[in-house]
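The next block holds one structure in the form of structure tokens; read it before the comments.
Chain lettering (A, B and C) follows the sequence in which the chains are written, and residue indices restart at 1 in each chain.
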Amino acid sequence: MLHDRLAQELYAEILKIPLIDPHSHINPHSPAAKNLDEILGYHYYTELAHSAGMDRKLLEASPKERVKNIIGHLADLDNTAQYSWFLEIARTLLDFQGDKITAADAPALWDLAQKHMAQRDWEDQVLHKSHIEKVFLTNDFDDPLEGFDTSRYVPCLRTDDLVFHLDKPEVRQRLAKATGIEVGDAKTLRSAITKLFEHFTRKGAKACAISLPPDFSPRSPAPQTVGFEPSATFWLLAEHCREFKLPFDLMIGVNRKVYKEGVYQGQDLFDQRTSLIQYAELFNAFPEVKFCVSVLSSNQNQELVSYAWIFPNVYPCGHWWYSNIPAYIQSDLRARLQAVPKTKLIGYYSDMYKLEFGLPKFNMYRRILAQVLAEDFVRARIYNEHQAVDIARLLLRDNVQRIFAV
Amino acid sequence: MLHDRLAQELYAEILKIPLIDPHSHINPHSPAAKNLDEILGYHYYTELAHSAGMDRKLLEASPKERVKNIIGHLADLDNTAQYSWFLEIARTLLDFQGDKITAADAPALWDLAQKHMAQRDWEDQVLHKSHIEKVFLTNDFDDPLEGFDTSRYVPCLRTDDLVFHLDKPEVRQRLAKATGIEVGDAKTLRSAITKLFEHFTRKGAKACAISLPPDFSPRSPAPQTVGFEPSATFWLLAEHCREFKLPFDLMIGVNRKVYKEGVYQGQDLFDQRTSLIQYAELFNAFPEVKFCVSVLSSNQNQELVSYAWIFPNVYPCGHWWYSNIPAYIQSDLRARLQAVPKTKLIGYYSDMYKLEFGLPKFNMYRRILAQVLAEDFVRARIYNEHQAVDIARLLLRDNVQRIFAV
Amino acid sequence: MLHDRLAQELYAEILKIPLIDPHSHINPHSPAAKNLDEILGYHYYTELAHSAGMDRKLLEASPKERVKNIIGHLADLDNTAQYSWFLEIARTLLDFQGDKITAADAPALWDLAQKHMAQRDWEDQVLHKSHIEKVFLTNDFDDPLEGFDTSRYVPCLRTDDLVFHLDKPEVRQRLAKATGIEVGDAKTLRSAITKLFEHFTRKGAKACAISLPPDFSPRSPAPQTVGFEPSATFWLLAEHCREFKLPFDLMIGVNRKVYKEGVYQGQDLFDQRTSLIQYAELFNAFPEVKFCVSVLSSNQNQELVSYAWIFPNVYPCGHWWYSNIPAYIQSDLRARLQAVPKTKLIGYYSDMYKLEFGLPKFNMYRRILAQVLAEDFVRARIYNEHQAVDIARLLLRDNVQRIFAV
């Protein structure tokens, strides 16, 4: 909660902005949670509970039992931002009345969730209470993109498999099935990727996205490149983003499977020794492509600020994963607001798997944004309150609309 | 503007200190701007406007037209610290009355600037209003250093060309012309550099300066070094700094021409993967030389603090370029004030090309300094207000005087 | 001093927690200072005074003269956190009445120290006033660990010599003397190390510790490894930590002897280009070993937070050396409290050589902790004041007790 009155006033106004969430992992066929397990099964809880000492085997249980097991370990992590998200979900969306959630609350909380989530319009309720109008998805390249409202759930072509796993027969088979093209060389790969972009844009896709390891350094491929070299495939994707006018979301800095015995999705970490200079050739080669860049490490935020200050096609985007806690959001946001043109800032995305997380995550961001605007802009006499809210509208809605053409 | 009353009081006192600006790009033959184009032509504006979407071609216009074009794009970046500098110049130096500057203000603002800048004593007015007493210059090695008052505009030998471009015939020709020595080997190079140092010190130069890429790592050259190897030439400069008792300004961390299609002076960026350990051999080899070190990345500030805490000959200097925004100045300054002897801190420099920028840049710094002193020192009962202002005097004036012997 | 009333109230409560200091360099046979020279001889003062311009030769004097020489240079560094520690020692422990310490105070301060330190129960007084119950030591591998109360002074096996200097005959001789085993190969090395662990655990040791250079990257050794390769010896220590159930303190990031002409213990610095990814194989290989990790650079704090959030066996520990100033403690602590389970945080350690430093160092930390808890938790309505103090108790006492089994 905010205790600064000016920030509270700004927050109240910011809450009225119907926002667009430019990156999530929502399944549009099942966007909201069906039970509490779909909330607490989020890796942020399983990995923190495991890190705090919970045996991974306690996750191999029935959904209700698993929820009880995880809640039973929350006391050890009730200091974390992630716990506060869950508490806000429970209190604001599920009518939970307590101030904290203990093991004893597990059965009642399960029932509360069952009652609320069974409501026919639960999905709409959640979006409405969260002030979220549209949500971008993360779609596998072979997703048929059918059976959902693409004006609410905006498709986005996720390309990690194509770039990093094309050497695997099963990925090439999926690609053959999706495109009708057996990929064997650079030419057939280009044709297949063109097919994918045609399919995705026809279905309303508004972005191409990829997550990248800290040592990735894309280079313009030599003409005779053979095989499925990640850098060459990546370059091909950038060419298609240019041709199909799709912004390219780069999520930079994750090392996969660092903690081998970690819980599902709780194994990835990073190496802070990375630089956006690795992308200088790319940014130069594709001036027409909008690169919406997320960095995993807050250390890299100054590079992101500086590259966005210089390159017209670099857009700072959200506060990703290990940087998605108030201490880092606040310092990263302050620098962005002081040095990057306001029309280039994509404020925040939820990265959520279930809609319920939109509310606490965006509220966390909206509070920090309100506080930063209060301190650095309104009290500093740079903006009045009305202008400060206009900035928030750019970061939460208008810039997303303009940059992604939604 | 400051809203903290104690900080305001300190700021008012700090403003009275006649400061010395230890690094600028002022042309002493034309120190103040002659029209508004010389203000808005500063790369901070052209690059931000371009980054926000302005076509570079709009800069290829008459000065008055160019000013209109840039002002027409300021609305997209009115959140930035750089915009606030311009607004403060307009309001404080040019008597502009508005709260913000829009495209419609361009003609009137042009005229205001013409009126003020045409005044005979404009240069003196600007320095007086900025509380600036002396300004260090950045002089090419072949600058005759004549025709200006070197007690107001202090010469400084800039050596980037010598270290990094001596392999170019035109640089060697300039050197031959300046020194009368055709440089062909280590011995003639040493003689030529000695000539330069003799010329510069005779003319009142008080520093040698250079900007360095992030991967530069100077090493004591092997005796038989031939050719014009940057590290060897750099070492030769350090030897001359020792001999001629000139502090050596090291500006560490810039990669040149990263954004190839960028505007003039708006192409340089950095790689955060750099370390002051690269300079350990240098700092050890030249205990008599004062190294005044600027770092481009705020990430490197802790190294700078720690190296200055340990090495007697390392002096933290200013807040350079991409670190020259309030968020980074504040955090960098706090750490320096908590861990480096106060007599070693060179607070701030303007890096300006025209005198008008001294006022908003130093005011930005003076406000942050006042706020940090208020919070970390006066309220923490470490210093009283009088002592806090004494610290500011060290950072803004006395340390510069003592370290550079001006 | 704190000026925030809520933080003051929390601080007052936090002060009542009898804490355990999990890392120091106390000599248990002479834990408290015997004169003022044993306070001001601490490298934090000698190196800062030298950095501020004091000739090293002024340290080659009688203790009383040396104290006078150092105090004579304190005026140049009275802005530093380190100076404030000394002032707090003088005022709180030695009944010094002044607000600052000048050269003129040296004789009187010397006498005050003599008077107080001569008291029979001085050691107990200091511990009592500091609210310190137990203090971990740093013991050489050949320390007999005899003649002191190991329930107050907890032994800890320091292993830098074994890992990095086993190629030196004198180290192998010390090892032979301590264990009765002439080490010549992997097998005898294992036997000797087992002997050391048996000796240390029998004597009540509760941790194994080591400091590591930034480029250290331990790897599981190949079976046929010969010689005394640091990585292989380090791995052997981890195996013994597992077998003997000792937490392994890793102090990551120090380069030794960077400033060759520095004062005693004032020569070490660091290279910020380091990553915890270098320890991924180790953390994976030893899930049963608790790794209590300190990082030298605040830049690396986000990695530490993230690795502790994911790996159950990684525990963030204290604020080490160049990160042990308020600006870095505050930002590092905020992130840890927002993202790491509270039961895994080892708040602070003194790193002290003499007991007198426990008071000002822990008070500095206690104040910052109180302020962070006030702002981020109590005012944000996450915890009430009582719960906030409970968190402090975990960080200062309970977690140390549980993790190290003391």
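To be clear about the criterion, a residue touches a chain if its C-beta (ideal position, glycine included) is under 8 Å from a C-beta of that chain, and two chains touch if they have at least 3 such contacts.
The shown structure was predicted, so the numbers you read here are calculated from the model rather than taken from an experiment.
*Asks:* Rounded to the nearest 5 degrees, what is the angle of the rotation that puts subunit A onto subunit B, matching CA atoms?
*Replies:* Roughly 120 degrees of rotation.
*Asks:* Any idea if subunit B and subunit C meet via the same residues, over half in common, or different ones?
*Replies:* Under half shared, hence different.
*Asks:* Round to the nearest whole Å and give the separation of the Cα centres of subunit B and subunit C.
*Replies:* Taking the mean C-alpha position of each chain, the two centres sit 39 Å apart.
*Asks:* So which bits of subunit C are touching at least two other chains?
*Replies:* Within subunit C, residues 273, 299, 331 contact more than one other chain.
*Asks:* Across the complex, what residues on subunit B touch subunit C?
*Replies:* Residue positions touching the partner: 273-277, 280, 283-284, 287, 299-300, 302-303, 305-312, 331, 334-335, 337-344, 376-377, 379-383, 391.
*Asks:* Quick check on the complex: what are the subunit C residues that touch subunit B?
*Replies:* Touch residues, subunit C against subunit B: 1-3, 47-48, 50-53, 76-82, 84, 255, 258-262, 266-273, 297-299, 322-323, 325-328, 331.
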